[in-house]
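The same chain A turns up in both complexes below, where it pairs with chain B and then with chain C.
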Partner chain A sequence: MAQLTNNFSEWISQQVDSESSFAFSEAVRSPSLSKLTHGVFPTRKDEEWKYTPIGDLLDTRPGEDTTEVLDLETIDELKQAMPSAHTIVFLNGEYSQEYSDSHTALRDSGLSISPLPQLEGTALKRAEDTILESALTDDNIFQHIALGLSQNGLFIEVNKNTECQTPIHVIYINTARGVTAFASPVNVIRVANNSHLKVVEQYASLGEAAVITVPASYIHLEDGAGLDYYKISVENAATNHICNTSVRVGGSGVFRSHQYLLGSNLTRSNLEVSFTGPGAEAVLRGVYLGDDNQHLDVRTYLDHAQPHCSSNQHFRGILNGHSRGVFNGLVLVREHAQKTDAQQSNKNLLLSRDARVDTKPQLEIFADDVKCAHGATVGELDSNALFYLQSRGINKKDAALMLTRAFAAEVTQEIDIDSLRNYVQDKISTSLDEIVIPSV
Partner chain B sequence: MIDKNNKIAQNNDENIAMSDEQQTIQNITDQDYKYGFVTDIEMEEFPKGLDENIVIMISAKKNEPEFMTEWRLKAYRHWRKQKEPKWPKLEYSEVEYEDLYYYAAPKKDGPKSLDEVDPELLKTFDKLGVPLEERELLAGVAVDAVIDSVSVATTFKGKLGELGIIFCPISEAIREHPDLVKKYLGTVVPYTDNFYATLNSAVFSDGSFVYIPPGVRCPMELSSYFRINASKTGQFERTLIVADKGSYVSYLEGCTAPMRDENQLHAAVVELIALDDAEIKYSTVQNWYAGNKEGVGGIFNFVTKRGLCSGKNSKISWTQVETGSAITWKYPSCILKGDNSVGEFYSVALTNNYQQADTGTKMIHQGKNTRSLIISKGISAGKSNNAYRGLVKVNSKSENARNYSQCDSLLIGDQCGAHTYPYLEIENPTAQVEHEATTSKVSEDQIFYLNQRGISTEDAVGMIVSGYAREVFQQLPMEFAVEAQALMSVSLEGSVG
Partner chain C sequence: MLSIKNLQVSVEEKPILKGLNLEVKPGEIHAIMGPNGSGKSTLAHVLSGREGYSVDAGSAQYKGLDLLDMAPEIRAREGMFLAFQYPIEIPGVNNTSFLKKALNEIRKHRGEEELDAIDFLSLIKKQMKLVEMKEELLKRPVNQGFSGGEKKRNEILQMAVLNPTLAILDETDSGLDIDALRIVAGGVNKLRSADNSFVVITHYQRLLDYIVPDFVHVLSNGQIIKSGTKELALELEERGYDWLLEEAESKA
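What follows is the complex of A and B.
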């Protein structure tokens, strides 16, 4: 652990002392602020950050806010992913009433959405309790940056026995040009008994400037609740994105997560799921697609603290240029979690000479009547498959594209929102069009 | 009413089945160490603790040339700067390094033949089932027997000598073949490598040295039996095996130790070097005292084993059957430097009671077309914890590297833990690397099937576990395979799924 001595950390300590209006009360903020004042950033010596250097991030220093006005066309383009959803837009970390659909109209349906600054009273308390009840095993400083310094975010709450038909589409847009921007939205999602909800979080940057995004999400599903949680991140090559997500799933609850990391300079996604009741289920999916000097790191931590739960993880990496992919997944089956079924798979495709993958799929098992398996593979495109396609008259480049797309599609085909699936597959195809050419 | 009676009858059956199960679990956890005894031999001991004088004394005691003394001192000074690693998934009381004796040897040193060997020692071997004379005739195995650090007997020396093979205690090799030792010692595990290896470099007392000249296929399995004997004596063996171009050797290492209450430290180093077209096969059966069923006592086994495939087409194969020790920290590794070289790792690790094992391998691919295979079978019972920790690294210059790893865990009882920590670091796109791991228990169906064929539950578990670990046993030389099978069934007697 290195002491706070560099640019980003100096800036952080200035923010701690600033008079801005923060989203949370002292109960949530003060433990985090004390962590920030004696703050230490993780280094390569920390096992959880062994493969992910954050020097680039620490050398950048956010500047003054330089919000630029967006035209509706840009927003519409981003909305393509979810045309019929309830849309909420954040511009440079600020909730944008102008571009967001009105959330007051939703109240009757049992679903309520509130930007954090508008929260007060019992609603604020429920949101804060949700945060305080969760604990991350990788208690990294970025979580505390989010909690201590966040000025914005969302609290999404679903009442009992509510089937939410309309998905929620949250778009985070950064428009910074020239000056490094900073955003740390905190999202809290509570789904009560037997209710179901779909949330799509999309991160995009329209400017070329560096952005430091440090989001944190706290999700609580009560017994029998279900949440489909998508995260699509297509940010510019100067963005550093470090997010922490803590999920607690009650008995017979179902949590489905998809993560598509398709941009940024550095992305580190830490997703921790723990089961708080028996019979719960978690399905985690993800694709990370890297080029140039990108660094994409996915960490998952699955805590099987209850019996009869099942989890299924499937992550795929496609790496080109000098990019680096990291998968670091752990499945913990506690002593009484009998009849656990835990599957974990990580597959990586290296498209270039200088790409690199470090993968660490781990199992820690303390119960005997369980079915647990994990697997990891790393390799390049199958030359036999390439040859076969060529023998059918398909040129090598198209064949390589086809195989790489298919490799990603094994995961993306599981997206069960049609428009979103098409959007993600298109994004992947577009990126591949650019990167597969030079390597073949 | 009838239904009710039936139900009661069923319940009774279940109860009986339950108590059988508990009984058998009881049996397995109650087992005492079958090889526990202490040989009463006069020991020569140095003062407790470690400083430069002790290191110099050990070196002087062995009439070592100056380069060795220097090397030991460099290691000692480096060790003082190192910290004990804390990253393994192991929990144990701190080792008091200043409270250990760093040298112990039987009083009479350097016997010229079997006749000169202390009869007490020979009796020890008899109890262990290693009658040297018989071995000579029956198994064709040359035994370099080590009791507490000094080699006391070496057989078949003449026969091996005709072929130019050197097989002797490493202390003798340092005196007789200093050039060879100087050339290879510390080249695979440098004295700076890790806390335990550095300590070993400073104070190692004895071990085996093997050199196979070019083009020679060693006609017999070379074997060395190690025993830890004196109380409070850290055992620091050092083994160095060099297979010159085009040669082949198979080396066996087997261990049992007498029962003691205090934890005994064991920090061995094994270095293997295979030159062009050479092959080394290294097999271990380890059954040191694992502590009693409350987890008191037992050997702390911190071992650094590493092989270097330095030449093209060379091959190093590790096979280990680990059933003993309170703590096992051991990662037999292969550095695949030569093009087309092959590394293999076959392991069965069984833990029971409060035993803890953190073991696995490292396969470092550096050369082109290198291949590695990892088969690891962990078995946890009682309250033990068994972890596989392995690294597969493919360097950017290693073209067409291939690795396949399979790490299976078997749990017996619901109070043990099985863990898998594989690390895959791949820097070359032509690599093909696969890792698979599963966890399972001995299923009731399997037991039931065997029961209805007239096989007792105890035998059934033995059969299932043998079958589970068969891929590894197949790699062992015949004599060892028999011993390993016996060891497994002893350790699992009365076990149940």
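What follows is the complex of A and C.
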């Protein structure tokens, strides 16, 4: 492990000592700050980071804020994904009252949304307790950067027996042009008994400049609660995005997650889900689409700590150019977690000879009455299918695009918000159109 | 329409077609019969442009164009169609949008306007009746979860929609029960015209009870060893292939 001796870590140390107004109290910040002070960044010698070098990120040093004024048109474009949602906008890590829908209007419906700086008293304590009750198995330093240094983020809380009809759309936009920007939003979501909510997190950048995004999310679903949690990343090719998400699902709760990683230079997404009551369900979906020298790393950890729970994971990677994908999924079935049903699938499509993927699905089973399966594939486009399409008049490139889109659609078709599904599928199509597929 | 001269084709250096000649004129239906391994499917694949076949000698002209020099999609746009012996399943690609894209590529090539969704739907619904196909199959991915008979009907549906001038049916009868066979053949017969030609490749005579050919050719060991009219097929049905093979050998 390397000591903090690089551009980014120096900058982090300065932030630790700064007088900024941080989002959390000492109870949350102290343990993280001490990790940052003595902190070490993972290297490829660490098993969890074996395939993911973070040198690019460590070489960058965030600069002064050069916020550009955002026009409504840009926001509207991003809103297309969720035109009828309740929209919250963060500009360069800061909550933007101007562009966000008024969150006070929501309170009556049993749903409350608070930007972290506005949190106080018992609400702040509930948010902090949610964080403190969570523990990541991959206790990486980026979680501590988020907790120790976060100045912003959201606390979303749903009272019991509440059906939230309107999804929440959280847009994080970076507008930096020239200097490296930094944002580390922390999102805390609590859904009480028998309530249901949909949240879409979208990460975008307008400028060309490098951005370091280090979000952390803490999610707690009580018994019978349900959350559909979408993450869409369409950041620029200079962005390094490392996020950690910790989810706890109570008895008979249902957590559905979709991740679409369609941008950035480096993305590392660590999603950890644990069942805290019996009969719960987790559905994890995702597509990572890489080109050029992009590096996309999806890590999932599913802790079947309770009996009668089910989990179903389906991730697909499409990699072109010199891009690299990593899927690392661990399903742990503990001794007393009988009647567990755990399924995990990772399929990868390599569009160029220089693209690469490392996939590592893992099952650790300590219970004896369970149904578990996992599998991973890495392949190229099916030449028989390509020929079939060509024999009907479709040229080879279009045929390759059709098959590649279809490969992604096997996952994206499960997005049950129409506008979002169209948005994601369009984004994937547009990206693929720009990709020249030379090797087919 | 199609003129094949002395066509010699090998696969991985193994000669399969050894000087094949065939002339197909507009409006004609030619049946190509022959025992397993005689080169029937190779002929279909080479004509449609599949990779993996090496043309060592000879030529194939289609409408006066050098067929073997054309990419598969160009052959299709020029009005050629291959009904596959084993239609490919394509997960995630919707049957209707695939066929609409294919038709519009062909129309563009002909300088015709592309069909919009509504016009296309009315066309496809009309043609579906030809092959008695269930409408729900249009909503599914191409051939995925289709029964053997449904896949073959889907091939004929595609043929009906794309309206080719030369269709090659590669053992379309294999794996079909008698009802499906009748439906598929009925589809072909309705598409028959003075301008369209068919090459029907089959192992068995029974398809030819329903699609009556103008000419029957027997392919053996990479060459056409006998040509005749539909009566030749009946004779083959009765006597098998052996007598012909022996006859060919004794000539050689």
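By definition in this document, the second predicted complex is superposed on the first by the 435 of 440 C-alpha atoms of A that agree within 3 Å, B and C clash if a C-alpha of one lies under 4 Å from a C-alpha of the other, contacts with A are read in each partner's own complex, and residues count from 1 in each chain.
Going forward, a residue touches a chain if its C-beta (ideal position, glycine included) is under 8 Å from a C-beta of that chain, and two chains touch if they have at least 3 such contacts.
This is a predicted model, so every value here is computed, not measured.
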Can A:F407 be said to touch chain B (first), chain C (second), both, or neither? second
Partner chain in contact with A:E73 - chain B first, chain C second, else both or neither: neither
With the two complexes superposed on chain A, say which partner A:S391 touches: chain B (first), chain C (second), both, or neither. second
Larger residue footprint on chain A, choosing between chain B and chain C, goes to B
Where on chain A do the contacts from chain B and from chain C line up? none
Residue ranges of chain C touching chain A (in the complex, touch as defined): 48-51, 71-73, 75-77, 81-82, 84, 87-88, 90-93, 98-99, 101-103, 105-106, 109, 141-142, 158, 162
Listed in rising order, the residues of chain A that touch chain B in the complex are 47, 51, 335, 338, 348, 350-380
Quick one: in the complex, what on chain A touches chain C? 382-385, 387-396, 398-399, 402-403, 405-407, 409-410, 413
Residues on chain B engaged by chain A in the complex (per definition of touch): 87, 394, 396, 409, 411-441
